[in-house]
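Input: a single structure, listed below in C-alpha cells.
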Amino acid sequence: MLNPTEAKRIIEAALLASQEPVSLAELKRLFEDQIGADTLRRLLGELRDEWSGRAIELVNLAGGWRFQTKPEFQPFLERLNPEKPPRYSRAVMETLAIIAYRQPVSRGDIEDIRGVAVSAQIIQALESRGWIDVVGHRDTPGRPALYATTQAFLNDLGLVSLQELPPLEEVARTLELEPPPSPAQAEPAQPAAG
Amino acid sequence: MLNPTEAKRIIEAALLASQEPVSLAELKRLFEDQIGADTLRRLLGELRDEWSGRAIELVNLAGGWRFQTKPEFQPFLERLNPEKPPRYSRAVMETLAIIAYRQPVSRGDIEDIRGVAVSAQIIQALESRGWIDVVGHRDTPGRPALYATTQAFLNDLGLVSLQELPPLEEVARTLELEPPPSPAQAEPAQPAAG
Amino acid sequence: MAEAGAAGPVHATFVAANVVRIYGEPLAEMPTDLYIPPDALEIMLEAFQGPLDLLLYLIRRQNLNILDIPMAPLTRQYLEYVDLMRAKNLELAAEYLVMAAMLIEIKSRMLLPRAAAVVEEENDPRAELVRRLLEYERMKLAAQKLDELPQLGRDLLAVAAYVDRTTSERLPDVHPRDLAEAWRSLLQRARLHAHHKVSREELSVREHMSRILRQLREHRVLEFREMFDPGRGVAVLVVTLLALLELARETLIEITQSGSFAPIYARIAHAQSD
C-alpha cells in the first residue's frame, strides 16, 4: 500500500502529464480504486496548498483537476512562444484615427469621413478595449452618442496627451491638398467636421 | 530585478508548461536576456535537485530541458491511459539502430547489413515518428536518399547527443576472441566437410 | 564461449512476442539444439529477421567461434532448413536462397587445395561472411539496447501544465504612427479637404472638448470658473476657453448666465432630459 506522500507524488505526476483535467474517478483508477474519494480530495487539497507559492497552480474545474499557469506569469511565458500580434482591420484603425483626431465625434461623423457605414462591432471593439467612450450626446434628432479617446488610449499608445499624436500637416502636404499651415493659423480656424 | 527564487519559479512554470524540451537560449528569452547562461544553468541544477524526490524529474536532453515522468511510475500512469503506444517491431528497431549508428545511410545500406529487404512501411514508421529524416542523397545511380536520426529521436530516448548511444565496442570485443584461422588449420578444422 | 550465453536471451526476448507452439503446446524457449520440429518451423522463421539472423542463431547455438566458422556442418544445417521450408511449401524469401548459395560457394572454395603462400586473412572465403555476421550482430544488439532505453510515450510522459491564455488574450498593438497612416489612407481615398486637416493646436482643443464633456457628464453642471485651472498656464486656459466655445457652437453644451456678472454655468445640452 502506498503512503500518502507517495500517492500525492503519483497524483501530481498524473495531473502534470495530462493535457485534460483529470476527474476524481480517473484518479481513483490510478490507484485501482484502493484509495477512496475522500482521501483523494484531501490529498488534492494538500497538493494545492503545497503548490500555492509557485507559478503554477492546481485548480478544480468542472471536468476535474488541472495544473495551470497563473495568469500573472503569462507575460513571461509569452516571451517563450511569442504569438504573432493580431492587427486591427483598416476599418477599426480608420475609425480610431477619426475619433482620436476629430473627437468628440458621432458614428455619423465617422461614416461621413470614411464614406461607409461603421459597424457596431468596430465601435464595440474599441470601447471594450477601453480606448474610446461616450462623452456626451449631440443635440440633434436621435441624440447620437459622441465618442472620444480615453486616458487608457493615451497610456497604451505611450502618449502624454493627444498633442503627441503625429501631426497631420505633413500628410496634407505630401498629398498636395493644401499649403502647409502658417504659424498664424495656430487657432482652430477650421469649421468642425459636421 | 527578479530574485533567484522568483526566477526559478518562472523557469519551472515555463518548463512544466512545455511538452517539448526548452533550450537555454529560449530560457534566456524568458527573462529578456537579463539572466546569463551560467546563472540559468545553476538555477536549473537547483531545480533538478528540488524535484529529485518526486515522480517527475527534470532532465537535460538534446533539445534542452524537459520535465518528464519517471519510468518507474509508468505502471500507475498507464492505468489512466490504457491504450499503450505500439512497441516497435524488431525490424523497425534494427533499422533504427543502423540509421543511428551508421548514419547517414541509404535504404540499400540498411538492407546490406540486415540481409533482407527493408519495407517502405518501416522507413515510414520512423519518419512519421519524427525520429529519422532525409539529410541528402548519395551521388550514385538512382540518387538514393540518405537517412539520419533527428533531434526528436535523441529527445524521445532521453539522450543529449549521439555519443550517448549505448556503445557498440563491447559487442565487437566479445567476438574477437580468437585469431583468424591460420591457413594450416583451414582444412583440418572441418572434418565433416564432406 | 561467453557470447553464446549472451545471445540466448536475445532470441528469448524477441520470440516471446509470437509464442512457438509444438503439438499445441507453447514453446517457451527457442530450441536448444538444431532440431526444430516441423510444426514450429514456420513460426520460428517468422522470428528471424532473415538469413543472417538464422545463420547467427545456428552459429550461436553450436557455441562456435564466429571467426572460425566450420563451413560444412553449417551449410548442411542451413540446407536442411531450406529443404524443410520447401517441403512445407513455405514462401521462401529470396534472401534465404542467396545465403544458401553463398554458403555452398564458400564451402567449395575452402575444399580446394591452395598454395599456402597465397592464403592470407582477406583471402579466407569466410571473411566477407564473418564481416557481415559481425556487423549484423552488432546492430541487432544495438537495436535491443535502443529498445531498452526509456522511450517517451512508452515508458515516460512529458509534462504539460495547461497554459491559461484566456486571461491574457493578445490584443493588437497600435502605434501612434498607425493612426497617422490610417488618416493618410482616409485622405487618399476620400480626397478630403481643408476641414479635415488637423493641427497640433486643434488637437489640443479637441482633447479639452472631450475632457470638459467628461467633467460635465460627471457633475452635470459646472460653474465656468471651475473648468479652468490657472496652475496649468495661460496656454491651457486659452485652449480650455476655445474648447468651451467650440462645444457651445456645436451645441454640445449649454452656457447660461442669469444676469450680468452672475456666475456662468455650463451643462451638457439637454442633460435634464436624460
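Some observations on this one:
All chains are identified by letter, namely A, B and C, in their written order; residue positions are counted from 1 within each chain.
As a working rule, contacts are C-beta pairs under 8 Å (C-beta built on N, C-alpha and C of every residue); 3 or more make two chains touch, one makes a residue touch a chain.
Keep in mind that this is a model prediction, so the values were computed, not measured.
In this assembly, B is the chain whose CA centroid lies farthest from the centroid of subunit A. Of all chains shown, the one whose average CA position lies nearest the global CA mean is C.
Chain geometry summary: the mean Cα position of subunit A and that of subunit B are 42 Å apart.
Rounded to whole angstrom units, the spacing between the C-alpha centres of subunit A and subunit C is 30.
Taking the mean of the C-alpha atoms as each chain's centre, subunit B and subunit C sit 15 Å apart.
Residues of subunit A in contact with two or more other chains: 13, 16-18, 56, 67, 69-70, 77. In subunit C, the residues that reach two or more other chains under the touch definition are 157-163. Interface residues of subunit C facing subunit B in the complex, by the touch rule stated above, are 1-3, 6, 14, 49-53, 65-68, 70-73, 76, 93, 95, 99, 107, 110-111, 114, 116, 119, 121, 124, 127, 132, 134-147, 149-163.
Taken together, the subunit C residues at the contact with subunit A in this complex read 157-165, 167-168, 170-207, 209-210, 213-214, 216-217, 242, 246, 249-253, 268-270. The touching residues of subunit A, counted against subunit C in their complex, run 13, 16-19, 56, 66-71, 74-75, 77-78, 83, 85-88, 90, 93-94, 96-98, 100-104, 113-115, 129, 135-139, 143, 146, 148-149, 156-159, 161-169, 171-172, 175, 177-178, 181, 185-188, 190-193. Of all the residues in subunit A, the ones that touch subunit B in their complex are 9-10, 12-14, 16-18, 22, 26, 29-32, 53-56, 67, 69-70, 73, 76-77, 79-80.
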